Each structure stands twice: as structure tokens, then as C-alpha cells.
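When the chains are written out, they are named A, B, C and D in that same order, and each has its own residue count from 1.
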Amino acid sequence: MIIARRTFLKLTGGAGAFAAAFAAGLVSSGRVLAANWNKAGFESKALADVMKSLGATGATDSKDIIITAPDIAENGAVVPVAITSRLPNTQQISIVAEKNPFPLAATFDVTGGGEGYVSVRIKMGQTSDVWAVVKADGKYFTARKEVKITVGGCG
Amino acid sequence: MVLGAPALIAAGCATFPDSATTQRIAEKMVSEDFTAPTPALLKRLVQDRSQQICSKIGDARLTQEEAAEVVKLARASIQYPSSGKLVGNWKIGDDLAHDGAGDRIQGGRLEKRKENGGLCQNCHALAPDEINVGNVGPSLTGYGLQRGNSEAIAKLTYERIYNTWAYSPCSNMPRLGATRHLTPEQITHMVAYLLDPASPINKR
Amino acid sequence: MAEPMKIRATLQGDVADVRILMLHPMETGQRKDAKGEIVPMHFIQGVMVTHNGKTVLDTQWSQAVSRNPFLGLRIKGAKAGDKIGVTWVDNKGDKRTDEATVTPAS
Amino acid sequence: MPTARAGIAAILLACLAAWGAAPALAQSGDPLGVGRKMLAEDNPGDLWIEQGKTLFHQKRGPKNASLEQCDFGLGPGKLVGATARLPRYFPDTDSVQDLESRLLTCMVQLQGFNRDDIVKRAISPAGSNGSDVEALALYITSRSNGMKMNVSLSHQKEYDMYQAGEYLFYRRSGQTDFACVQCHGEANKRIRLQDLIHMTDQKGVQEVVSTWPAYRGAHFVVRTMQWRLYDCFWQMRLPELKYASDASIALTTYLHYQGNGAVITVPGFKR
């Protein structure tokens, strides 16, 4: 279905889309309100740079992080991703779609009684590994899962 | 559970319209309830003889005579490319097989492209590694591997795409050439895509 | 104008399962409208969730979060009747706060 | 036609069976299921219910009136259970109306809106905030949530509509030779990855009639049954189905009646 595909492309944008968006909007607007917003991380174009911005370079794989996401997503504009961390004292969870033009999608700081669990929906431009980067007890751990993106529709 | 005619109708006080009355009412809707940018496009709703025969309601069966008529009309409809060559370029055919666009009408405008997509991916499994394929029609994976690429197979394949009703009267598959959705030349590319040993559809 | 969120907070043992739906375009800044003009970038940058006034989740989002966002989280040590507060802030400075009460599992 | 279908299937299956072509999906369980479940559990469509409620009670239009006096068949303003019985015959308009055509009648008669204006905006652009009609249709239908679809064919015009709807469901035309049944007449079929609902089966048709209006994930708005039908004709390469036309109401009458007994659960969630 072509309308869906068009919509998908428009709403998610391509690589150029994200770059242009950042150049035109965020970077110059100076109206970034969230004080702790990780500008360097959200502007990073490579996984390694994202990890660096999070201070997570050299993080180790952990089986205590579970990524719940579809093997195949019908609609790349809405890919559900839930992260469960069983690591003691989970402090932060980030979701990174490696092949997105700007891979870092979201970071969640867990405080107080918050559990090591978040669920969200992200845009993905193409089939890619989705990474969970978890800070627990001051150390960084990762897990990843591939999500295949097909542009759904019947046209 | 398969649905039948509404048995509850008997319990009501209205009368069951006979099929001629229903047809009259419904055809009036068809003629009044659709819009198109041009009168010619509105004519797409007009059925040809074969479509009339193939619009069986519910469990109604095609009679042998009807099937024979559909086959006869289909056979007569088939035209071959002026070049006489039935096997084109499989790469073009590959693109066509994965193109589902063209000729739709929305917001008072016709989706006009140089040529229409072949629609294959919507209904058929294609190359072995493809996920985003339909299953309304049978899998075409390995089509050429099973059949070879003789002239006879090329002709059969061409004809089945051009007007599949010549072989399977009233099947769900569109008569892609006969309805002018595709040109004869486009169909030769799809034949190549199905038969060529180098085509992804014949990857082992 | 920011539309109200839909917040569900259901108790499962002593954990509140919190599900939040927000109405927001999450524009990437690249989409064109019907007239062919670029729709300016417009997305939620941060969402804060509180439990009886105490912050339990502080998020940073990019425009890669989907339109009409969903956020799910779990809060330990919750009781029926506890207050869950949610505030989002977008890159244009629009914000919206809504509150819900933790309900027992049905 | 079943004979014809079996025919083509038999010919091709015979060829395929020899080397056992299994589609990739069949081998890997349900790789789409996880995502579908996650999306359906938290449906953004819910956000439009409140909007629809506000629109319903607000005094609007040239006549500055609410829709509280609108009669959906159970009496003015009575919404609970009303959509479970639609489409139905309405004496005041002497016609069979579905939810959306009835809503149009009320917006014109009670509120003084211009019919053409509403129709033009009824189906909103993808990625928009949705239309008034979409929000209203969802709110009104949500008032029948949990109730069973119970369409009756007791008036002659209701019978006629049903029969015409069935006729249209099977009527093939256009360059794809499609009627509805070509895609919706068998179980476990897909167009690409999208499941096609088996509408000549009671369970299948019940799923259709109980889940619209629905949030359409790829469009980010609530879509209605009128949209669903319109979009099918578009994909079939046929002319555009007029909003709230008799043809659309006939098809809805046919499907809703077949789906009687389905428990209404809106908004649905469609990929």
C-alpha cells in the first residue's frame, strides 16, 4: 500500500532527514529545555560515539538484560522495544538503533523505586541491531537484538 | 464456520429480494456511488462478460459451460509482443514483481506512472530469502528450477500471466495483460524473472 | 496545544505497572505537509515520572521516538491510591503534566 | 468459484510439492506476533475517545447545538448499545444508515454543518490530528464496548441493503478483476506480510465488525469503517467510493449482520 509507505518515509525521514533536522532545528534553536539532554549522544552518528557520550565505552555483554522487540517489525515508524534489566542497582537504560542515522533513541534514568524496566516505541529506518546500554552499580553493560524492518502494506 | 445465507430472514416480515432485484439495486449503487476524474475511469466498474460469470455469490459454482466460455474468451484475448520474443530481461522483471503501484485513484487524481507495477510480491513468495511476500497465490520460489526454460514453458508462463483464466477460469489472479494492467513487453520481463537460472527466484 | 495523556497505573504485588500514552507529532523536521512545506522539528525531549512526588524515571528522548509516544515503566513499593505524576517537555518548550492514581489489579 | 480456486491450487501445488517450498515465515513461528501484541496492549487510539466525547457534547456549528439530541436508533442521545445495531433503517430519512452516515445527518440537521464540507474532511490525512468525524465515530462506538453486535434485517430496506452488500462483496471488476472475496475469502492469507481477514468465516468477519474504528499505526490516526472500505477500492484500482454512500452502507450491512454476536472492542489496533 503506497500511501503507507509514503507516510512511513515522511514520518521517519531518511539519513539526510535526520541530519537536516538537527542542523535546522535543534542545534541552532538553543531552545533545548531538558537541562541534562545528552546533545552529544543524540547527535552521534556511530554506535561508538554514542557509547562514548554515555561513558559506556568498553561495556560488557550481559545476559541479565532482556530486550523484548519483534523479530520482524511491520511498520518501521513504530517499533515497540522493552528493556528489562535484572542487574542489581540499575541506574540508567539507553536504547540505540545501530543503523539509524542518529542511533541513540532514548535514555532513561531510573531513580528511587523505579525498576529496571522501560517500554517505548521507536522509529527505525532499516533492519538493524537494537542495543540496550545499561548502567548498573556504576558499570556499563549491553545486550542487543536484531529487528528486521519491512515496509508493510499491500501496494 | 462457513457462513450461509441469512437463515434468520425467514423470521422477519420482509421478503427476500430475488436475485434480479438485488442485482438491480446493487448495480444502481455501482453506477451512483463512485467518483473518478474522468468518465473513462468510471468505466472500470463496468464488468466484462468474464467478470460477470466469475462473480459467483457464496458457494455458487461455475458451470462447465461457463468455465468453457471464460477459457474461450481468455484464449482469444492473449496478444503476444510485437517482437515475438517472450523472454525479456529478468532484472526488469524483478523490479516489476516487487512494484505494487500504478493506476490507483485518490483525491480525484489518477496515480499516473510510466508503467504499472507487476503486483507479484503482494500475493506470491518470490526469492527464497524474501520475508515481505504474500501467500494469496502459490509460491513462485524456484519456478524455473522446476520447469526449466524451454520455449514451451516460456509460452505457457507468458500466457498464464497475460490471462490466467485461459488455464484456471475465474481464479483469483488478475488477468494482468488482458485487462491492460501490464503491457506485453512488461510480461516478457516477468517471464524472464521466473525462468532465468540467474534470477533470484531460482536461487537454491 | 497539548492534549491530555492517558495514564494507567495498575498494582501487581507491590509493583505499579505504569503505561502512558501521549499525543504528540514527534516531527523529525523533514516531513512535508500537503502543500509541500517542511513541518518543523517538534518532539518531546524529556519525560519525568514521579511516585508520590518523588522522581522515579527521568528520560531523554530524540525525535526517533515514535509519534503519539508510549512509555511503560514499573515502580517498586507502590500501594493502591498512590499518585503517579507524568510531565513531558518538548523542544518548543510546550509541556504537559497529568496525574493518575494507582489502582489494584482487577 | 471454489472449484476454480481448487483447480489452480491443485495444479500449482502438484509442482511445488515435489521439492517442498515452505515460506520463510512458516519456519520461524510468529516473528510478527510479539510486536503486534505490544502495540495492541497500549493503543494510542484511546487518546481520541475523550476528544470525541468533548465534540459530542460541545455546542458547535451554525446552529450552535450539541449532538446530544442525535438519534442513533435507540432514541435521542442514547448511545449505549446503539452502534451494535447499526446499520439500521431510520424512518426520518427513510433509509438504511451506518454510524457515519447517521452522524452526518445529525451534524447537518442539528448543528447546521454543510454536508459536503464534513465529507471532504471526514477522512483525515495520515499523520494529522484526525478529523471530527473520526473522533466522534470512535467515541460513539466505544459506548457500546463489551456489547454484542446485533444487527437485524426486519425492514425491507435492511434486507435489500444486506443482499446488495453481499452482491457487491462478490462483484468482480476493474483491471485487477478483484471483488472483496478475492482477498478475504480464505483463511490464513496475507498480502505481503499483512494478514487478510477471512470474511466468509464467522470468526473472521466478527473480528472485522467489532474492531472499527481503529488506530492505524502507519497513519497515526483513528480510521473508520468508511475509510477501510474506501481504501480497499483504491487498492483494487477502482473509482473512489463516495463517503457514506449506499454502496458503502450495503457492504457494512452485509458484514455487520454476518458478524452478529461479536463483542465490540474499540478502538482496534491495525498495523
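Points worth noting:
Keep this in mind: contacts are C-beta pairs under 8 Å (C-beta built on N, C-alpha and C of every residue); 3 or more make two chains touch, one makes a residue touch a chain.
Predicted model, so just to flag it, every value in this text is computed and none were measured.
Comparing chain pairs C-D and B-D, the larger number of C-beta contacts belongs to B-D.
Centroids built from CA atoms put chain D at 30 Å from chain C.
Centre-to-centre spacing of chain B and chain D amounts to 25 Å, using the average Cα coordinate of each chain. Note: centroid distance chain A to chain C, computed from Cα atoms, is 16 Å.
Our note on geometry: chain A versus chain D, Cα centroid distance of 35 Å, whole angstroms.
Counting partner chains per residue, chain C has residues 31, 67, 70, 72 touching two or more of them.
Residue positions 127, 191-193, 220, 235 of chain D each touch two or more of the other chains. For chain A, the set of residues touching two or more other chains reads 1, 3, 10-11, 72, 77-80, 82, 119, 121, 148, 150, 152-155.
You'll find the chains touch as A-B, A-C, A-D, B-D, C-D.
Of all residues in chain D, only 1-5, 7-9, 11-13, 15-16, 18-19, 21, 23-25, 152-156, 158-160, 162-164, 166-168, 170-179, 182-183, 186, 188-193, 196, 200-203, 205, 233-235, 237-242, 245-248, 250, 257-258 touch chain B in the complex they form. The residues of chain D lying in touch with chain C in their complex are 41-44, 46-47, 50-51, 125, 127, 129, 220. Partner chain A is touched in their complex by these residues of chain B: 100-101, 104, 106, 111, 117, 122, 131-132, 134. Looking at the complex, you find that chain A touches chain D at residues 1, 3-4, 7-8, 10-11, 68-75, 77-80, 82, 119, 121, 148, 150, 152-155. The part of chain C that touches chain D in the complex is made up of residues 3-4, 6, 19, 21-23, 25, 31, 34, 67-68, 70, 72.
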